[in-house]
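Look for chain A in each of the two complexes below; its partner is chain B in the first and chain C in the second.
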Partner chain A sequence: MTIEKPKMDEGLRNELQKQGVFTTTLEGIYNWGRQNSVWPLQFGLACCAIEMIAASMARYDLARFGAEVFRPSPRQADLMIVAGTVTKKMAPQVVRLYNQMPEPKYVIAMGACAISGGPFKQGYNVLKGIDRYIPVDVHIPGCPPRPEALLHAFMTLQKKIENQPLTGANRPRHLQADAPSEFPVPKFGVHDLEPPSNPTVWQSPKMVRA
Partner chain B sequence: MLPKDAGDGESLEVAMGPHHPSTHGVFRMDVVLDGERVVKLKPVFGYLHRNHEKIAEGTTYLAAMPYTDRLDYFCSLTNNWAYALAVEKLAGLQVPERAEYIRVITAELTRLQNHACLIGFLAQDMGASGTPLMYAFREREKILDLFEALSGARMMCNYMRFGGCRCDLPDGWLTQAQTVVAEFPRFIDEFENFLTGNEILMSRTQGIGRMSRELAINAGITGPLLRAAGVDYDLRKVDKYGIYDRFQFRVPLGDHGDTFDRYMIRILEMRESVKILEQALPKIPAGPIVDPKTKLRGFRPKAGEAYGRIEAPKGELGFYLISDGGPNPYRYRVRPPSLINLTVLEDICLGQMIADVVVILGSVDIVLGEVDR
Partner chain C sequence: METLEQIKSRITHALPGARIEIIPNDSPAGQRSLLVDADHGAAIAQFLRDDPELRLDYCSNATGVDWPEAVVKTKIKKQVIVEGVEKEIEETLETLRSGCLETVYHLYSMAKKHGPVILRLRTENRSDKNHLPSLTPVWRSCEFQEREIFDLYGIVFDGHPDLRRILMWEGFVDHPMRKDYVGPDDYDYEPTPHDDVLEKTKQHQAAEVKA
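So, the complex of A and B:
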């Protein structure tokens, strides 16, 4: 069920703007502030991290989107860019870093390895996508994705933040008291990570026969 | 931080990594400290073990080529070359002259961007956050544009083939490359102007992390690290693989084996690479780019073994292949220079300050894709 929000008359808004009075909603200005100062975690796993660095350098200039402040500590970061292959040895650390980030937090899975295991999918030590353990907001395909692709993913995330309602059933996770902000860290089992995936975040795709 | 021998308050065990901004990837150093001095250091690898060798043993020879791109992801073209060299030895293929020139040109361009970025990262490890790295990446982008025009990809070029290269140079590529190479010495001068005489850089690097000649030889160190320790060993001179015997260039050598020498060797090697490129670019002949005997489909080299090695920007990169006559290698082994250069990390870090460990690791030049494979 969607609640119809009270809309301001556009003509009145224009008239007020001419007088130097700007009107907005609390939700609008709150999300506008959040979307333009997303601080990513300085966290590179493999090849894609180099393209992530390239995106933050002068030519592609991630600073245009308010995201040049790469924080080395997860406690100061809003966005985790999972850039590279997540191996089974590294997966618990990635989940733990995600748990250490404060809400609201977002995840971009960058590159084929982070979204599915990519070219190394058949490897015995490679996790087949980080979305098995943590919720991912934006997936970027590519091996590695170009810096422009990362910028596009970033703009997609900004749109998502912009459109998040602060009230109602669709409000984001950090405004829901009972929603989890930490996810269980997998452990090393006899043959594989235990559990192999987090069922509240990821279910294996159902095959649909035509 | 985990206090060791809790109570005496003297030695402290610190786990640096796997998520740490100075470890250049997912790498952990378990450091035992006495005050700020390092008493013990244990490198822990394997956070990026991607089963490269196992996957390559299960696929055809050609299908392993894109995986070599992802070994040392800064230098995909030199990785391609080392692997192609091993397979060419195994199958007895001859590389046409034009392809040899293209290989030399691309390999030296790779060396230029690798060393430039390494120095940028090294300066960042010393606290010059961002600016030197931005200069280095500005130059790297120019070289990546050349790679993209050549192979279609910025980083993962997958360009070389057994007995040659995948495709010919696009129109105007050589003039564009000549412009980039002609402008490059100006960048090195600018970089040196900012860094080499810098007091902070000198005091953070001179006499820090000294590696003796004997240690370097005994541990099997190769590449700029070995030459910084004063050993004259460069595979481009020793093996003369490809057509490196046709070019005039010198092998810079260090005197003290400290971090400053390792920094300086990279600067001098960039200057020598520019010299090689200036000689190679005008002389490139016309002709085919791939050996007509080579077969892309149904490629089955006869049973035997081969070891191909080149002087990659980080050291001796070798591929050891055993063929049993089948379509895929029976054994496929990579000799990664980064991993072997890392084995002396404890020896050169002992007795240093913890802040210098970061700089020493930066000067070793590791890429975790190659260390863990």
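So, the complex of A and C:
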């Protein structure tokens, strides 16, 4: 059930603004604050991290989006940028880092490897996309994606945060008491990780074949 | 630098009993290598490092090769007299090559500024007699690379100070760089399969339909 929220008349708000009176909603200002201060976790897994570093430096200037504060501790981070190849040996550590981040938390999977395994997909050592174990908000294709693509992913994430309702069934995970905040860490198996994916997060898409 | 023939004769002179073979190379690079026997491997390595003429003090690279059992076809030209006329006939000879595992070391000299000399060692077979002498006591730079060879090819290095897996995790079974390695059947979602991935995807789907 969704509750229709009383919306303020657009004309009245503009008129008030001309008089120096600004109005907003709690949801609007809460999300405005959150979306402009997304602190990423400082870690990189492969060559995509170089592009991520480039995006954070002067030329591409991630600071314009309020996301320049790369945190060395997951306890202080809001966003995990999975930048690079996730090997099967590294995957449990990535999931563990995600579990250690406080809610609300978001994930950008950056580059072909992080979203699908990329050029290493059939390798014995590479995970076929981090979205098999943790929920990913924005996927960026590319090998590696240019810093502009990462900025676009940031803006996409900001739009997502901006439009998150604080009440109702579509409210974000951190406002749902029963929604999981931690996800099971996979174990090392004989040839592969156990389990090979988390079915609550990822299911094999049904292939439509001729 | 001396030629491989000179190096070979000097090694056999210094270490009687050492069996050394020069492996030819038909590729454009034409870089030949020394195949030495495993029993004298460590002594030969020591000789190559300490010899005042060679001083091969730097091992830049150590890697492994898997040679599975295979039928090798070689073409030989023969002169045959057919009805009084001499003719040239091409014949293919099929020989069974026994399988083995191999390590390759690329040696340079920082002191003499020459190299590379390529050293090869082969195990007797691919299953139980897979031991080779470790050259880490001679060149310290081999340590991690020999661990990697142990991890991915399953060659056991005798005399290695710390022989454990380095890339795969503890508890991983088998050696993934061997030609006959069978990976896990995780072909559940292949958006654009082709070639052998397509075959494996079909097998996976057939197994799924049965189950």
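Just so it is clear, the second predicted complex is superposed on the first by the 206 of 210 C-alpha atoms of A that agree within 3 Å, B and C clash if a C-alpha of one lies under 4 Å from a C-alpha of the other, contacts with A are read in each partner's own complex, and residues count from 1 in each chain.
Keep in mind that, in the parts below, a residue touches a chain if its C-beta (ideal position, glycine included) is under 8 Å from a C-beta of that chain, and two chains touch if they have at least 3 such contacts.
On a predicted model such as this, the values are computed, not experimentally measured, just so you know.
Shared-chain residue A:Val190: touches chain C; no touch with chain B. Of the two partner chains, both chain B and chain C are touched by A:Lys89. Once the two complexes are laid over each other on the shared chain, residue contacts for A:Asn14 go to neither chain B nor chain C. After overlaying the two complexes on the shared chain, residue contacts for A:Cys47 are found with chain B alone; chain C is out of touch. After overlaying the two complexes on the shared chain, residue contacts for A:Pro205 are found with chain C alone; chain B is out of touch. After superposition on the shared chain, chain A has more residues touched by B, the comparison being chain B against chain C. When both complexes are overlaid on chain A, the residue A:Gln122 reaches chain B and chain C alike.
Overlap of the chain B and chain C interfaces on chain A comprises residues 89, 122, 124-125. Looking at the complex, you find that chain A touches chain B at residues 42-47, 49-51, 53-54, 57-59, 72, 84-85, 87, 89-90, 93, 97, 119-120, 122-126, 143-144, 146.
Partner chain A is touched in their complex by these residues of chain B: 18-21, 25-26, 46-51, 54-55, 58, 66-67, 70, 73-74, 133-134, 137-138, 140-141, 154-156, 368-369. Partner chain C is touched in their complex by these residues of chain A: 88-89, 122, 124-125, 128, 188-192, 196, 204-205, 207.
Interface residues of chain C facing chain A in the complex, by the touch rule stated above, are 167-174, 176, 181, 183-184, 186, 188-191, 197.
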